[in-house]
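One chain, subunit A, appears in both complexes that follow, with subunit B as partner in the first and subunit C in the second.
After this line comes the complex of A and B, so read on.
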């Protein structure tokens, strides 16, 4: 019952917010096209661009920060704005529903606090999946318009326009890498919601921004934003960000945040929270 | 007007959020300083053991490359500058949205003229963001001065990015570095004060305090994203607000123009359009 309510109120009745990933992806696709065209002009394009190349471009982020080579460092705005947009969508709904809308009555009608938390976390997972699906769909349409082939094989290339590894990537290995941004967003959103539950939504949002900031300027796997900056993965760059390690770390964070929220919300004084918010 | 201002500032200085934002800034400043001091001690030991020849061209650390705005080596300084838009908005920018939603606005307007309330709110929100950034940066400058000497910037060492290439106020930084630092602190404080005003202005169209609070930050990064996609980094607020100037060709006219645009748009929307609306 709770989940159905969340899908209706948090997604169907508020679907305008999902225009954000489409706009961001269109801008990123235009950026890819201009880089690919300049690679062709300068003779550095050794193969045709494909769907997976555009997808990697949109999700790659930027190289690690090197203070001694500041001019070379590019700030990963596209990645940051994606994470902030998800944090904005997540921060807006679950708790405001409880404090500002008739969510408190729905909670009473359902009769279980645990199920309420579970439904909110399922809603978060759904939002993250929809967000990345919209990115995929936009890229797919862009590739159809631009005439790029659609394949799920990341071929090697020497061109600066593509993010590739020394060997061709296919199957499970590629899917695992592509799942990293989704899992990172879910883990960040779970942590954000847990913090929002204890303090306020805006502190959860500020926390996500802080984690993103530290991730951009450090190269450690513990700054979990790095897990979704694909360019910093050990497959593409010399670093300690291993795909399996990253997935285990992200799943651990997801489980801990969820368990914390369940336990905390069981003893939570909703009326006091309502007053303070 | 003065009673409305006094009331608004009283609410600002009695909100926990104001002190929280400053505490976050202070935390980053102390975290950065502790890392810098460990590095300085390691350097000292190295020189003691092997002589300065081991260090190559050695120029001692100075306030002007260790102050949080001028430090280009550590993640703390860059992360703090990333957090400033939200830290400036947290203390008071949602207050208009909350006043409107809770009905407090109607109570206030029975005692105060409408224009006075809106002008006082505008000024207080601006200064809430201004104070958070100003106090944080001044605190960082003072604690850096307690541990590092005021050695003038030396362009040859390449340790002072603002003294290199085509940087804005380059001569001022070389000749009067403390004045340059202070001017940059003021520029940052004014700009982030205006980001808080943007968040407050967003309260016109939403009843969710979270949406109002975060909208200034979202807009700041969205505009930065568009500008960086157009490869116009010198016009990018998240670039030109960093005192060490990570990119060349930053000009004061760009900063002044963007500041003026934000100010004019916010004054028009909040003080002209919103103040005209019937609250009841």
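After this line comes the complex of A and C, so read on.
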């Protein structure tokens, strides 16, 4: 019953914030189109663009930072904005009821602390899924308008406009790679909420910002932002982030953050105003 | 219905808030908590609600030990300190959202309880635009919605006018007649005496007087 309440209060009645992924994706699609058109003009486009190419372009991020490389380092703006937008949308909603006496009504009416925490974390998963579904839908509409074929087979290409692997790949392998950004966002959001529960929401947001910042410049899988910077996945020859290891790491973080929150909240005193007022 | 507190103590950051409180309360009665600001009335109410965990002792609610057998009392309505609701919704919408969580309150019941406290269910104003008195009435409506077996009201008549206070008295009499156990705290000693069957005085986190 808490979940139904969270779906209404945190999504249905607050849906304006979901315009953010649509705007970011439209801008990224325009960027893709511009690069693809310039590849066609330069004669580098050896095949037509497809849905999966646009999707990879939107989610690819940038190559890892290499201080010994003279090439200019490209900052992954759209990736960072996506991660921070999710952190912003999650924000302090999950714990907002603890900031005032409204929380007492909500908690007591539902009758269980554990179910309350479970509902908040289910809400986070739902928000992340909606966020990525909106990205997918925006790309799909963009492809329909642009006349690009909708396929889930990542084909090879020499074009700089595409992020392609050395071999064409499809199926489970591709789906696992495409799940990485979603799982990374869920893991970051779970950690953000767990930290917000112990300290304040601002620290949870600062944590996400810090992890993203470190991920941009570090190439380690432990800087978990790297799991969702698809260009750094071992399939794309720019770095060596292993898909299976990344998924296991992200799932472990998700489970630990959730269990920690359940145990912590079981012992948590709900006092008026909490520490943020 | 009964609530039995045995040697309940609670301290926060080393400061004792409640000390060795033992008390038995039964259904069909109104218990009035009185005491100075900061004496521990609200903390005791929060402890009975399950919002804070006690350091020692036990709280037995109808045979179930709080935090052991149950997280919160199974049938309880609460208004502690200032009520707080979702600013962008009307009173009716706010109560409907809470009723969704509770799962056993119909829309007609919600409308009736709003009328009982003196609010118009068809009022289109959002909670943000409510006066202090209206907010307090909505808080009382949320607490008594669904006829809970335990009702805890902290300063229920704050900011409410004379006619509103009469309505609160009527509501409390009604739920008391149904066998609910009601706990109220009020600074106004005269009002508390009028409302309560038993007055419990709290000083420095201890019960100093328990008079019927």
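Couple of notes before you dig in:
What we mean here is this: the second predicted complex is superposed on the first by the 261 of 277 C-alpha atoms of A that agree within 3 Å, B and C clash if a C-alpha of one lies under 4 Å from a C-alpha of the other, contacts with A are read in each partner's own complex, and residues count from 1 in each chain.
The criterion applied here is as follows: a residue touches a chain if its C-beta (ideal position, glycine included) is under 8 Å from a C-beta of that chain, and two chains touch if they have at least 3 such contacts.
The model shown is predicted, which means the values in this text are computed figures rather than measured ones.
Once the two complexes are overlaid through subunit A, subunit B and subunit C fit side by side, free of any clash as defined at the top of the document. By the document's definition of touching, of the two partners only subunit C reaches A:105; subunit B does not.
Contact with subunit B, but none with subunit C, is seen for A:24 once the two complexes are overlaid on the shared chain. In the overlay built on the shared chain, the residue A:243 is in contact with neither subunit B nor subunit C. Legend: residue contacts after superposition of the two complexes on their common chain; A:170 is shown touching neither subunit B nor subunit C. One geometric descriptor of the composite model is the angle centred on subunit A: between the Cα centres of subunit B and subunit C it reads 90 degrees, in steps of 10. Legend: residue contacts after superposition of the two complexes on their common chain; A:270 is shown touching subunit C, with no touch to subunit B.
Legend: residue contacts after superposition of the two complexes on their common chain; A:126 is shown touching neither subunit B nor subunit C.
With both structures placed on the common chain, the touch criterion links A:5 to subunit C but leaves subunit B unconnected. Taking subunit A as the reference chain, the count of touched residues is higher for B when subunit B and subunit C are set side by side.
Minimum C-alpha separation, subunit B to subunit C, in the superposed model: 10 Å.
Taken together, the two structures place residues 100 of subunit A in contact with subunit B in one case and with subunit C in the other.
Here subunit A touches subunit B in the complex through residues 24, 27-28, 30-31, 65, 67, 70-71, 73-75, 77-78, 80-81, 84-85, 88, 91-92, 96, 100, 200-202, 205-206, 209-210, 212-214, 216-218, 277, going by the rule given at the top.
On the subunit B side of its complex with subunit A, the touching residues are 24, 72-75, 78-80, 82-83, 86-87, 90, 94, 161, 207-211, 213-214, 217-218, 221-222, 224-226, 228-229, 238-239, 246-247.
Per the touch definition, subunit A reaches subunit C in the complex via residues 1-2, 4-5, 8-9, 13, 100-102, 104-114, 267, 269-272.
Chain contact summary for the complex, subunit C toward subunit A: residues 12, 46, 49-53, 70-72, 74, 76-78, 80-86, 88-89, 97-98, 100-103, 142.
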